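Pasting the structures in now, so scroll down.
Each of the two complexes below includes chain A, the first together with chain B, the second together with chain C.
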Partner chain A sequence: MTEAARPRRAVIAIGAGLLVASAVAAPAPALAGDHKDILITTTLARTCGVTAPGDQTIDPSSLAVQPVGSVSYRCNFVGGATLRLWSQNGGQIISPASPSNGGAPQSRIYSTVFDGAALGQLTNAADTSAQTVRAIAAANTDQSGAASIQLSSAAVIAGAYLDTIFVDITP
Partner chain B sequence: MRYNRLFAAASVGACLVASSAAVAASPPQASAPVQVSASLAPTCDFTTAPPGTVSIAPTAGVTNLGDLGYTCNFTGNAHLTLNLVNGTQLYNPSNGGDTVLYQLAWGIPPNDPNAAPPFQSWNSPQSIGFDWQTAPAPNVEIKGPLRINLPNALTVAGTYTSVISYDIAP
Partner chain C sequence: MRNALALGALLALAAGATASAADSWQISGALARACQISFDCADGDQCRSLTLDDRVTVQNTATVTWQCNYAIEAATMDFSSENQGLLVNPDDDLGLPYLATYTGGQNSGFAGRSLVTHVITNPTPDTPNVDVSGSIQLMLQARTQPLFAGRYSDRITVTITPEAP
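What follows is the complex of A and B.
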């Protein structure tokens, strides 16, 4: 404690026409302090990202389960995330009308399986997409799942059959 | 009692004569002191403080929480105690107790309030005492910005908290 911080005791003796200062001990006053708490808070929102495999080629004449690559995803939390899949053609490979198919577009429906989860025929919109909940075991760690499709009937007319599968993931 | 003594003081002349003749009978004295004592305790109070809750961005960088200032009714040193339950770590209980270290600095003399003061961090509970200068005159506030620095952006989702507690005493 500093000199200034020590309790100051001003003792004044008042007499008859007499003003006398004397040092008389007074009770020590209690020291008074203060306290402040500051709560700091910050929130990082949950996010996920997904990476789709590049272009994949399948055999349109095969009814076997055919792999279409691996989808990788990562989230910044531990828990669950919803993976959604839909396709441009609503779960069909389509060969547009051309001279080789006599001007009649051809299509073949396929079903999709993602990492063991049967998703059936995909729709053509995100709003009605097939969904599968993925367990996120570790934050900021890549996880992946294999996707495969299986045609419900084999293509028999020559042509280039196409579809584009979209995938996204939300916390 | 007080009335009697004051009355005695007002009758100085008469009593002086009487006292010389009758000392053994303890006559009224010529002066009768009345002692009045008073003491004012030294005090220190936080007179400016950041809000009780401050939300910061989860990104790297410095955040000024606001001014923290105190006023003492004396000059010298005040005793400041910084209590940090988790050290300077933001704690995220929702994700298994992740912690993220931040740094703390108070821009107040002897730290330069106009320059970036040295940031300090602790990764364990702390109760640290400092002798901190008061203002040059009593009852004058001394204050400065309380800043924290997140060296790195948060990467794991969740709500993180940390409590900084200050105590000040004369």
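What follows is the complex of A and C.
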């Protein structure tokens, strides 16, 4: 028997992200049968996705609770996920400075409620964002929560007021 | 062997990573331009106490105060008379003409105009939500015919409307 035709022993183990492979050439008895199992395992990471509502219109002169849409989210597991909310203006609607509003930005603070959880005034950074833990009752199933805001004082100077709310969700 | 190593690297990535997702939406609303106006009859009688014999003195009537919730850009002020610029006595067919003046600032005023037709001014508020006041003054005009006993009156209406941005 030539070297090339000689049987080889091979051990391959793959598991939990660790691969060890080795091939060792060793002499084997001629004509002896052999088999080896190859164990393959892997893990699908937990993930969640979130979808913001479309842009929402509010009344800057109203002190009433105003709905600002529904956030939907889904995760690929059952358990809990952390949903965070923050905003570009740190929980304020702002009308930029212009000659017609007196040359100074006009702002009004608002508080936010998400699905019944009072989050107060949003911050302007993810690191300091308001958080609410969501119970994920079923994997890969859409869930949603309604968001609303309430101004602490009504706008009194004409103009366009706006803010952008950011949301993310982490398993 | 190269294929097996690539698979191993992929599995390691999947096992160690956690994913998050983010999105955003905008909330916005506009506060429309608005102006408001009020009048005050000082001493409670100034609006109806003209001296009919005085045809040379400008006589104060009401103080008219207005404001808008914006600045710099214009509004339209409209002054009109129910009797087209005449004080009218039901017993006097001729009426008594007068010239009107409004002393308000920021381009809202005018001087010595008959209200036979509307007088239009275009105030430009300096500052949002700050009152601007002026007096409606009348100067009664001479007429050759004698007046009739009784009450001469007119109703002056002032409206202010913001101009569209």
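Worth pointing out:
The rule we apply is simple: the second predicted complex is superposed on the first by the 131 of 171 C-alpha atoms of A that agree within 3 Å, B and C clash if a C-alpha of one lies under 4 Å from a C-alpha of the other, contacts with A are read in each partner's own complex, and residues count from 1 in each chain.
Throughout what follows, a residue touches a chain if its C-beta (ideal position, glycine included) is under 8 Å from a C-beta of that chain, and two chains touch if they have at least 3 such contacts.
Small disclaimer: the values here were computed from a predicted structure and weren't measured.
Within the superposed three-chain model, A:139 lies in touch with chain B and out of touch with chain C [touch as defined at top]. Within the superposed three-chain model, A:93 lies in touch with chain C and out of touch with chain B [touch as defined at top]. Touch criterion met: A:44 reaches chain B and chain C at once. By the touch criterion defined above, A:149 reaches chain C but does not reach chain B.
Of the two partner chains placed around the shared chain by superposition, chain B is the only one that A:33 touches, whereas chain C remains out of contact.
By the document's definition of touching, of the two partners only chain B reaches A:78; chain C does not. Shared contact residues of chain A, touching chain B in one structure and chain C in the other: 12, 14, 16-18, 42-47, 171.
Partner chain C is touched in their complex by these residues of chain A: 12, 14, 16-19, 21, 23, 42-61, 68-69, 71, 73, 93, 95, 99-102, 149, 155-171. Of all the residues in chain C, the ones that touch chain A in their complex are 1, 4-5, 7-9, 11-34, 68-73, 127-129, 162, 165. Taken together, the chain A residues at the contact with chain B in this complex read 1-18, 20, 22, 24, 26-47, 75-78, 139-140, 171.
Against chain A, the residues of chain B that register as touching in their complex are 6, 8-10, 12, 30-46, 49-58, 65, 68, 70, 72, 74-79, 90, 95-96, 102, 138, 146, 148, 154-170.
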